[in-house]
Amino acid sequence: MPSEADQERIARYRPLSGMETPRFSGLASFMRLPVMEPREAPGRIDIGLVGIPFDGATTNRPGARLGPRGVREASTGTRARNAATGIAPYDLAACADLGDVPVNPVDVAATARAIEAFYRPLAQAGIVPLSVGGDHFVTYPVLRALGRTRPLGLIHIDAHSDTDDGQYDGTRLTHGTPFRRAIEDGVLDPRRMVQIGLRGSTDSVDELDWALGQGIRIVPMEAVIDRGLPSVLAEARTVVGDGPTYLSFDVDALDPAYAPGTGTPEMGGFTSREALQILRALRGIDLVGADVVEVAPPLDPSGVTALVGATLAFEILCLLAEAVAARRD
Amino acid sequence: MPSEADQERIARYRPLSGMETPRFSGLASFMRLPVMEPREAPGRIDIGLVGIPFDGATTNRPGARLGPRGVREASTGTRARNAATGIAPYDLAACADLGDVPVNPVDVAATARAIEAFYRPLAQAGIVPLSVGGDHFVTYPVLRALGRTRPLGLIHIDAHSDTDDGQYDGTRLTHGTPFRRAIEDGVLDPRRMVQIGLRGSTDSVDELDWALGQGIRIVPMEAVIDRGLPSVLAEARTVVGDGPTYLSFDVDALDPAYAPGTGTPEMGGFTSREALQILRALRGIDLVGADVVEVAPPLDPSGVTALVGATLAFEILCLLAEAVAARRD
Amino acid sequence: MPSEADQERIARYRPLSGMETPRFSGLASFMRLPVMEPREAPGRIDIGLVGIPFDGATTNRPGARLGPRGVREASTGTRARNAATGIAPYDLAACADLGDVPVNPVDVAATARAIEAFYRPLAQAGIVPLSVGGDHFVTYPVLRALGRTRPLGLIHIDAHSDTDDGQYDGTRLTHGTPFRRAIEDGVLDPRRMVQIGLRGSTDSVDELDWALGQGIRIVPMEAVIDRGLPSVLAEARTVVGDGPTYLSFDVDALDPAYAPGTGTPEMGGFTSREALQILRALRGIDLVGADVVEVAPPLDPSGVTALVGATLAFEILCLLAEAVAARRD
Amino acid sequence: MPSEADQERIARYRPLSGMETPRFSGLASFMRLPVMEPREAPGRIDIGLVGIPFDGATTNRPGARLGPRGVREASTGTRARNAATGIAPYDLAACADLGDVPVNPVDVAATARAIEAFYRPLAQAGIVPLSVGGDHFVTYPVLRALGRTRPLGLIHIDAHSDTDDGQYDGTRLTHGTPFRRAIEDGVLDPRRMVQIGLRGSTDSVDELDWALGQGIRIVPMEAVIDRGLPSVLAEARTVVGDGPTYLSFDVDALDPAYAPGTGTPEMGGFTSREALQILRALRGIDLVGADVVEVAPPLDPSGVTALVGATLAFEILCLLAEAVAARRD
Amino acid sequence: MPSEADQERIARYRPLSGMETPRFSGLASFMRLPVMEPREAPGRIDIGLVGIPFDGATTNRPGARLGPRGVREASTGTRARNAATGIAPYDLAACADLGDVPVNPVDVAATARAIEAFYRPLAQAGIVPLSVGGDHFVTYPVLRALGRTRPLGLIHIDAHSDTDDGQYDGTRLTHGTPFRRAIEDGVLDPRRMVQIGLRGSTDSVDELDWALGQGIRIVPMEAVIDRGLPSVLAEARTVVGDGPTYLSFDVDALDPAYAPGTGTPEMGGFTSREALQILRALRGIDLVGADVVEVAPPLDPSGVTALVGATLAFEILCLLAEAVAARRD
Amino acid sequence: MPSEADQERIARYRPLSGMETPRFSGLASFMRLPVMEPREAPGRIDIGLVGIPFDGATTNRPGARLGPRGVREASTGTRARNAATGIAPYDLAACADLGDVPVNPVDVAATARAIEAFYRPLAQAGIVPLSVGGDHFVTYPVLRALGRTRPLGLIHIDAHSDTDDGQYDGTRLTHGTPFRRAIEDGVLDPRRMVQIGLRGSTDSVDELDWALGQGIRIVPMEAVIDRGLPSVLAEARTVVGDGPTYLSFDVDALDPAYAPGTGTPEMGGFTSREALQILRALRGIDLVGADVVEVAPPLDPSGVTALVGATLAFEILCLLAEAVAARRD
């Protein structure tokens, strides 16, 4: 229960309601929330929604740079209260749209620096970031900012492990390598890391061997099907434990029927109900940040992928708001 | 078993077969059935298929006014016999396409009157209507025509409750209010009404409280998943009982992967097999009318939503034909 | 040449440059301009860009309610200086995005009132509005606000005359009637009104007779081809003269190849170069407001129509900025 | 001027007006005209609109079998009077939609027989057919039916000559051969035949040599550009003279920007205004039939090609109605 | 375990890796495998991937002629090792892309002969074909080539039985008849044939009666749901036994949500995970050939169907490689 | 006239004809030409078609990395002889598809090196490259390879000047800077360089000033319209003179109606006929290489942009073949 002062503060940051103005009207901020300059955020808000419109580390089909814009638009359809869990995130935490990181679309390393520089003051101010990518590379600099003081645990929902060492004879910063880099940098604790939903074909077994050697818990899609999601999710909770944990959701974890608009789709993924089931099982984990990545609107003419991205973001926002409230108490 | 006279009459109204002329040829009437003026229907047919090309009560993305045309086209792929249930609807009931209600696309109230005026003579003649919308508002005037002599029961498959009181400071006729209006008018019996598949986020809990206060049985998607569809469907039968019942199927009950072409899609809906399972469980209910609504073809470039709409309409036609036959006996 | 104080004021309202942050990043305001509450606009800005996301008066295919959002996105590709004319609008006038009018998507009359109420204080404060629709009906209430003190002249670029008396047996407020209503209300001077680009088939000759009877100058597309655009545009200048004039550009004036995303496309329209030629010929007219209407993004999967809408809006903004500067001098 | 009896007869066959019911409502017949069984047409109507949903002779991308359905839908946007020419076709001739030829999608020869059998009684009854394909092969059997008693002249607007002898080592019935076959059969007079708009690359010069050897007048696109359309169209009139003439319009004559939905698009074609200009220049020719072919809706997500097909069909209908009226006088 | 010579030979035919050159680069051969002339294949390779770009036997919507091209492109995303089963097909068998059969798009019978002529030398050389259609008719001539010396068993995954006798009053070679023709020709053993996933509506019960009369085991979708896939797949293994068996996978077996790009979609089909589950259960069967058919890219703007087709082809390739290795041992 | 030996050699490299196998069959090489390893090209061929699937220097919407694949597919529709000019390129020069440059999608500088390394041996062997991009940055390393021994002239058709110095505070290798870099490197002679078609809005006048200061001849679209294309093209010939000249065609030079599938479309561009007119006017120039860039297939659902790209490539191939033949004589 927030203090009276907190309640008052929180009440200042509410999304526009579709009961008063139509959801398709007005500028499309995340969830129709107020827009705020990042430098004004400290002391005012608890959770900052941030776009990272960068796909310059993509080695497959591009388009995720347009993800933040697409997810913002689709997110105008979310409302104030999660009907399934009863969570009303805007009653628990002050939330705002902090705009986009100023990326450099043609320079991976420069963008990595820009992202880290954007998130570091947020981290220092205790503002929990919910980011929308962008390709999966963007998670690496975010982790560098958030995991600076102590390595984080990670719940990683994805079709791919993204723990490659490199591609093309030595290129080490791609959307296939973020978690290897983060582990090497000590900002991610591989023994508190679980990957769920991996599938498809692979180029080698080395990547897998390295990941297992680091202590990462990997639950490929086949294991999910065999064991059932409840067992897998219970294990995930055990792996990350009580420590500070990041949540990274690659939309290609879902089957292409549910999320065709992504650069590297893999047949045989999660249904949308399973994706929601996964997220709703993560209540109570000490989440300190999260992202939804790889939404590539130009690859999806029907727009369902952006809708999925926006709905996942809302569900994660509910988790983050509860975590914020729990830490406040 | 129809009487010999009935059999002869029924045999006059058969769809064209794709074994003789290709399904893509000829004018696209519903199910390739004969087209008939509504005023000629009484005494000739048992079931009338009607389009209601109206989306003027939509508060989100429009396009459902093009639903009847899209569903007619897709329905040319249906054939004479339901392979799953064995029902051959055109052997049980005389069916025809009665064309579209003459709506006024920019005037909700005038359209409500036009719809009611269109259905009243059909109701008086005992012709069972199967309607294709159009946004969900259109169900309200249909219920006014059909429930005029006694309130109806309702099986309502949808992502949304559509029992709002109003929007925008007092607008009471929208696609979010049809069932509240119908209950207020006494044409719908809330205690014989069940809503299945509700989900997503909500703007308030008032709508839900009102609905529960009226005695409506609500089974949100989470409860469907927990309990399983068979239990839910058994309860639905109990709720509506033996009395005259209407069936309203909003295509957004399905997950956006299965039905992207709708104005207010919500992640996490029914699969197509579940939708068929629901309908096939409703055999034996005393159905007096039904509709499929919110198919918005411009929002679905692959056309699967119109296909879903057409297939649902065919499955419902099978139910209505059995109900007609049962009442005849 | 603005005064020093004006220059300083104007300099506060500049669009973000794509040379510094990518055009696809950040919230998509019109032209990447600052966003401002309408009530804060008086005294600060000269030109207000406004979205009117309403297509509830559309009697054909809907979708224009999503026009403001689509045009905002596409407008992020415009830059600071018009390379063809040399006009640098943001050096001449302070411009801002004033957001969207709070429309009621299911009530034409209520929306008309909301639009008029939104524009009246702008008009009183001398702020020149550049509006993006929405269907063409929205021009009527804008004209009521702007033409209140004296009737306006009108340059109307369109495939349709939009001077019908009504449809469906007496419905008088549709996207086919705005100019007839505005003339009846005395806010539009038909003798200072010219319509350019009309074409296609017609339901009757009555509409035309009425318009000609009022003194409206009509230049159908055939006459444009015969006479050449320069002659037509010279005539247009003569018709509107030196008085205050409104400019209304319906995107369906363009050929469907150039602007497929509109509700009532008509084969045989303007090319994009002709559209630019038309606008660039209107320099020096005393424009007091303008709009671009009928952009319907869901009907255009390639997005070229929103791009056309945004580019037309930028060209018109250049005209308005010059008019503002001229009136200032 | 039709006789009083004719006027009365003609008045029975009028299209539905969009001023009374919306254009998107009701079953989509050609131009919203009455639907009639072909066998009931003789004595009742002057012009029969017919769909030929066949693309089984296509050697490139398929989809034109869905042309009649797509054009019917788009044609609901045409109105009663041609604003450019003033022709009101439904005042001059009784018109109806005669449905589709019962084609066999997998058998070219059988379909050729079915088409010829469908058109022969129409020809005998003096009913002028306006056909919508379907690939260009369908013109061949139509010509066999119409040119049976004397060879016809032909105005052929197309990107391709369609006078090949065959493909794939001897296949002689394809969409590349209809006019060669018709000339061989004596139903088409090559000296009264003109082809306008040919362009692109070619596999050989043999086809051209044969065509020129037969006396066909060929005006490739380059010549159109050099000489100007008026000169070309004057020549076309001279070529066909006063005799009975058929008009065949392949939508790929237009540039792919204007008509992307066709199987064999060729860059550099006619604009939509030129296409209209061509047709409007053909008034007074003794047209006995016409077609619009190669509209392939699945290849055009924006629908502009079907709109072009429908508008061309309406313009041609105006020509046919005048020809009918002229022959009646 | 291949002999050393075999290992050396097999190692010559490896796909390009996406770790070295991007998957979107280079000509798109199946799986990025080497391309080889069919006449050079004997003695060199074990498995030949072949495209059959023919949809001239389609009685519904066309487009499958573009299937091979679409599947080749999507197949560039597959990698060297099946992560779920651990099979590394290119270690077990030498594979190459043999190009496309030279079909005649307008002549079903000629194409049947061309297909059979293409496959006969492959069959004689013991090369196992994996074909990508094309419509389902193409399976018939492939079976004639492969089943020439002894009738084959068949595992048939499809929404439709494709055992019709004919359509349109006697047309016997369509995509609805391949298996009836193959049984009549003695190249397919109906008692070793199982059909899984049939569903939808039917025109008659005759087709079913004939199929059952022949001894074909039919498991419609309803039975799959009732019994569960494991039981069905165990039965399938029993039906085909140890004998040489063909596998034919029609992509319309999947639900339209998963595979919208197909000519005759039927609501209520398999999910992508079930499709993979089916294939992975077929390890150990003596497969002598296989195909994936009815992928129609023009009907699927998001491209998921081609992705499904390519992934199914990869999974089947794994099965065939194991079968080749097993026969080698 | 090639020597007999040349004729024999040239005759070995002919495209497959659509008269023998359908254009949609087989692997899609450029123009259906033979595929050859670059290292085997010297001494065998005169012209090499090369794909450069790289869009990592794009600062706007991505997708051009898929350009080579899209253009290859569309190019299968071109035939052996240019009907407009009579040029039969495959009779004049031996042509082959040399595959794609092995780019690194996430590293601009590494890709620049890879491109230069790919083209240098071709240049040394006197093989004329016709490249398909990729974003416009790729022209820079190609120019470095071709202009190494002496600076080249340039005919540059584009909506943008691409002579920026940098973006984002110092990034110098982007698709907006290739020609500035090439001039700085001395491989491009600015006084023999002409830019045609520039238009739209600009961020500053600096870029223009620099370009003019270098002596580049710039003909913006407005000047093209004013002066007419013939005058502009005559000037272009004068500018480049008799020296070795490169031709670079950015598809965004065309209007978005003709080429929507490009990252930075600008309203008001060339028509397709003008684009052909431009190219056909360049006969006789001493062309030593050429490219077509910025085709981004994911941004164009109708595929017309890839068709335009392929047709432009064919027209340019005709020019290059004539230049090769002229140099041979």
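Chains here go by letter, A, B, C, D, E and F, matching the order in which they are written, and residues are numbered from 1 within each.
Just so we're on the same page, a residue touches a chain if its C-beta (ideal position, glycine included) is under 8 Å from a C-beta of that chain, and two chains touch if they have at least 3 such contacts.
It should be emphasised that the depicted structure is a prediction, and the values quoted were computed from it without experimental measurement.
Colleague: By that same contact rule, can you tell me which chains touch chain D and chain F alike?
Modeller: Of all the chains present, those in contact with both chain D and chain F are C, E.
Colleague: Repeat of A-B among D-F, B-D or E-F, where over half of the residue-numbered contact pairs coincide, is which pair?
Modeller: D-F
Colleague: Specify the chain most distant from chain C by Cα centroid.
Modeller: So the chain farthest away from chain C turns out to be E.
Colleague: At what distance in angstrom does the C-alpha mean of chain F lie from that of chain C?
Modeller: The mean C-alpha positions of chain C and chain F differ by 39 Å.
Colleague: Can you tell me which residues of chain B touch two or more of the remaining chains?
Modeller: 20-22, 24, 59, 61, 65-66, 105, 168, 255, 257, 271, 299, 301-302
Colleague: Name the shape of the chain contact graph, picking from line, ring, star, complete and other.
Modeller: Graph shape, chains as nodes and touching pairs as edges: none of the named types, so other.
Colleague: Using the contact rule from the top, write out all pairs of chains that touch.
Modeller: Those chain pairs which touch are A-B, A-C, A-E, A-F, B-C, B-D, B-E, C-D, C-F, D-E, D-F, E-F.
Colleague: Which chain F residues qualify as touching chain A in the complex?
Modeller: Checking each residue of chain F against chain A gives 55-59, 61-63, 65-66, 104-108, 110, 168, 171, 173-174, 298-299, 301.
Colleague: Give every residue of chain D touching chain F within the complex, in rising order.
Modeller: Within the complex, chain D touches chain F at residues 59-61, 164, 167-169, 198-205, 220-222, 225, 255-257, 260-261, 264-269, 271, 299-302.
Colleague: What residues on chain F touch chain E, complex-wise?
Modeller: 20-22, 24-29, 35, 51, 53, 65-66, 68-69, 72-73, 97, 99-103, 105, 301
Colleague: Quick one: which bits of chain F touch chain D in the complex? Just the residue numbers, please.
Modeller: 17-24, 77-84, 255, 257-258, 271-273, 275-276, 301-304, 307-308, 311-312, 314
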